[in-house]
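Shared chain: chain A. Partners: chain B in the first complex, chain C in the second.
Here is the complex of A and B:
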């Protein structure tokens, strides 16, 4: 059953939620929007057509986080995970879908990551569909879409003066108990908007068979060609909602063992103690990034490890575009031509 | 910490029981660690399989992945041999009996010992990579395990005789009638009674039979690279050739991302792979 949330009631509703959740919403900070705790009197920012710069995965896998605290005489203890209830308001469907992909990494039967798990369990996600999809996004190409429901507890459609609210889980239903039902006309208008948004997004590249192309061309000069202008800055992975690699370091002076986001685009990432590096240049590192998303994820969970959010395209300092890279990959031969 | 699941990043509290140099040049040191809590020992050995590894924690320095070098029947301790390379292994070399140390594990799959039952085993090792093969050989030496397997052949090469690990034990293996041992060094030395030459050449000389046999190869990449084709030439099928891989690791449980070989993580899906499995994976090593 769909509900109607008048925009001028939003502040009241957010205030109500704040009574028993820490509410996160997109807010302006310097030149970008970020998911930040919503304080009394501040308003969420939706006017930017695109998404927050840092994906909300950072609220579940923080950029830097202590795993252990060192105690006296060489001892150590586990750092407790954050458990207070949270509500993320205005998360975009690509980012919510990314969380479901990351669940398959962090919530495995053996070795569940308690930090990820407790944060996920304590958080409710209210999504905002993209009625004006961003220019660099290609969610529809990779099996998602501007109104993808994956991972969300409720999704909002912007109807101008009001939001149409579609609750998707029990957790989501509990948030919107006071609202009126949407009329048939409002439902129809939302459906039209959602369909129009989907249809406005062109197919960025052919997804069918991309894994086979990348696998067959593991030793192809293609990787050298597409990585030639790469600076190795790592921003494509840092801002990627599905990248999850991390480093673990001992911060001796702080007395903590910390995990920090890491990136396969850095040389030291795979550098071994002997000096050997399986991925010595940006050629191998670019191959790892693309193959991970478009081949290895597919092997592991039968899903592409990219939700088409478009951040890697938007923020690449030299304008490298994963869509163009994959279009080019589709031109490659399907058989192995180069020895491993 | 009430109601909080135990973190897989939380090391088991251990203590150094014994620490001794393994090689005459003091680049290799063996640590034998005891458990602070007997329950941890029971949990560890209930899960342990030769070929697995652990992450040793020196608090304030970090973690280092090392193969387990003992069999469960040897006692309630875990043995590792570390080559002094970086800051963590240097700190490991400085540890003395009684010092506390953290350990996460056992991690990885280990050798598929169930599948190998009834077969002849050929164990080929080079340098300090022999540690998990030592654990495997020790495991097989236990009478209740030995009868499950056929002929046992060990080929172990090091650059010099001084770099050979577990010297006393291996010297004793030559006297055993239930196994064949071939030791090798790269260049001749006075009083050396065994093979002289690189491991792939020694393998060609010893010519282990592929009939009803499996072979395990662990060594430096250059040794593995030339030993695998020699074994294929001797008639070993890729499904019967096993090796243990290494890459840089952080988490050890398939989350931090860096030790992948295509869709497989060496820490979680390995470190032991058959050549048939490796042939299907990208050569990203």
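Here is the complex of A and C:
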């Protein structure tokens, strides 16, 4: 059932939620936006065209987090997972969908990450659809869209003076019990906006058959070509909502075992104890990054591991654009004869 | 604005005549704000060469990737030329195997300054012949004075002209004012310690440890960076205050007498972290205490890279 939330009523509603949740919303800090706890008197910021710079995956898989504490005299204790209820308001559909992809990594039948699990269970996600999709985004190309419902408990459509609220789960319904139903006219207007937003997004590349192209061309000079100007930094992967690699280190002086974000784009990521590195250069590392998203995820869960948020495109220090890389990949031969 | 046709002609000539095997320059980006570093191997490929104020990378960062025997051509602005000099001094590439096409530099535009004013959805950026910058974005059309958009490193640049290029294309620019370069350092030093500390922490602790600053820097070419060293570990590797502060301090210190003030580190940072105030302080110390500026030639040893028998600090000899 669709409801109507008047914008001048939003602050009251956020305050109500703050009574029993820690509420996160995009807010300006320095010159860009982050998902931060919404304190009394602070307002969410939605006027920027693009998304928060750091994806909200960081609220579930923090950039650095202590897993356990130990002392030099023996013994250790696990750091408890955060369990307090949280509400993330204004998460964009690309980032919410990314969380559902990451669930397949962290919530597997046999191996469930307790930190991820408790945070996911304790969090309700209120999404804000993108009625003006950003230029670097390509969500529709990868099977998502500016109003993708995946992973969300409710989704908002901006109708100007008010939001149309579509509740998607029981958790979502419980948040919006006091609101009036949307009229037929409001529903129709929202549908039009959503459709127009979807249709405004060009197809960034042909996604059909991309896995086969990447697989068939594993040994192609293509990888050297597209990685030639790559700096080998971690911007694309750290800002990616679906990248999840981590490294676990012991900070002995502080007595903590810490999990830090790591990335396949770093030399040390695949460096083995013997000194051998199976991905010795940026060529192999770039191949890993693209193939993981567009081939290996497909093998594992039959979904592309990219939600088209466009952060990697926007913030690459040398202007590398994954869309252009994949367009180029589609020009490669489908079958390659390998010399034995 | 450099004469792009003259640049292309020279790049083509050195490829055609076999002076070099490759020319490092820029080509148009896939997005309007980011031209991409490019590696041209044939004269035909050079047709794609672009050179505009959005070309934000220091191309000398690529030099250390190639075999020392490879003959490389490179487009260099003042800072890039100095980086090349510093790298040649450090034995990273023989000067004889380089052909530098110098371009007197009018400064690099910081794309962040554009989007602050035009909104994030930029459609096109055009430099007009008078030097004005015309930006089309979803929010409308905007015209800027280039000086208002320059990256801070470029606003205070002392040496915009290539110093040791094999050919220079374009009119030499007036040298910058060292007093202007010094101003930020002096102003910052005048702040109370608590304020300086608060600023340092605010900037450093935004770090996500992606090392874009390191990878964008021509002088950060170590096979193994100190932060990647396992035994002993020199610093925490996580995004903890100690780890983030440790990275920013030691990164800057390793640049002492080597940094050419290009600002590529800051422009590469996805978190908009200010870093050049640290390296500029070290650069100013080098000027004041040793009358030294990095990369002014390829033969003068940086003060911290040299030992003489009359060194006042006897501990090293």
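As a convention for this text, the second predicted complex is superposed on the first by the 334 of 340 C-alpha atoms of A that agree within 3 Å, B and C clash if a C-alpha of one lies under 4 Å from a C-alpha of the other, contacts with A are read in each partner's own complex, and residues count from 1 in each chain.
Just so it is clear, contacts are C-beta pairs under 8 Å (C-beta built on N, C-alpha and C of every residue); 3 or more make two chains touch, one makes a residue touch a chain.
Bear in mind the structure is a predicted one, so any value in this text is a computation, not a measurement.
Student: Please determine, from the superposition on chain A, whether chain B and chain C clash or fit.
Tutor: Once chain A is superposed (C-alpha atoms), there is room for both chain B and chain C without a clash.
Student: Rounding in steps of 10 degrees, give the angle chain B-chain A-chain C taken between C-alpha centres.
Tutor: After superposition on chain A, the angle is 90 degrees.
Student: Return first, second, both or neither, reflecting whether A:295 touches chain B, chain C, both chains, or no partner chain.
Tutor: first
Student: After lining up the shared chain so the two structures overlap, which partner does A:272 touch, if you call chain B first and chain C second: first, second, both or neither?
Tutor: Touch partner of A:272: chain B, not chain C.
Student: Once chain A of both complexes is superposed, is A:76 in touch with chain B (first), chain C (second), both, or neither?
Tutor: First partner only.
Student: Hey, is it chain B or chain C that touches more of chain A?
Tutor: Between chain B and chain C, B touches the greater number of residues in chain A.
Student: Based on the superposed arrangement, let me know which partner A:113 touches: chain B (first), chain C (second), both, or neither?
Tutor: A:113 contacts chain B only, not chain C.
Student: Just to be sure I read the superposition right, which of the two partners does A:315 touch: chain B = first, chain C = second, or both, or neither?
Tutor: second
Student: Looking at the overlay, what does A:249 touch: chain B (first), chain C (second), both, or neither?
Tutor: Both: A:249 reaches chain B and chain C.
Student: Quick one: is A:54 in contact with chain B, with chain C, with both, or with neither? Answer first, second, both or neither.
Tutor: A:54 contacts chain C only, not chain B.
Student: For A:84, is the partner it touches chain B (first), chain C (second), both, or none of the two (neither)?
Tutor: Neither partner.
Student: Determine the nearest approach in Å between the Cα atoms of chain B and those of chain C after overlaying the two structures.
Tutor: The answer is 6 Å, the least C-alpha separation in the overlay.
Student: Starting from the residues of chain A touching chain B, keep only those that also touch chain C in the other complex, and list them.
Tutor: Common interface on chain A, chain B vs chain C: 247, 249.
Student: Could you pull out which chain A residues touch chain B in their complex?
Tutor: Of all residues in chain A, those touching chain B are 67-68, 70, 73-78, 80-81, 105-106, 108, 110-115, 117-118, 215, 218, 244-250, 252, 257, 259, 262, 264, 269-274, 276, 278-279, 284, 288, 291-292, 295-297, 299-300, 340.
Student: Looking at the complex, which residues from chain B come into contact with chain A?
Tutor: Against chain A, the touching part of chain B is residues 1, 4-11, 13, 57, 59-63, 85-86, 89, 99-102, 221, 246-248, 250-251, 253-258, 260, 262-263, 268, 282-285.
Student: Can you list the chain C residues touching chain A in their complex?
Tutor: 29-31, 33-39, 56-57, 61-62, 112, 116, 119-121, 138, 206, 208-212, 214-216, 228, 236-240, 243, 267-272
Student: Please output the residues of chain A touching chain C within their complex, sorted ascending.
Tutor: For this pair, the touching residues of chain A are 30-32, 48-50, 53-54, 63-64, 132, 134-136, 228-229, 231-235, 238-239, 247, 249, 251, 258, 260-261, 263, 266-268, 313-321, 323-324.
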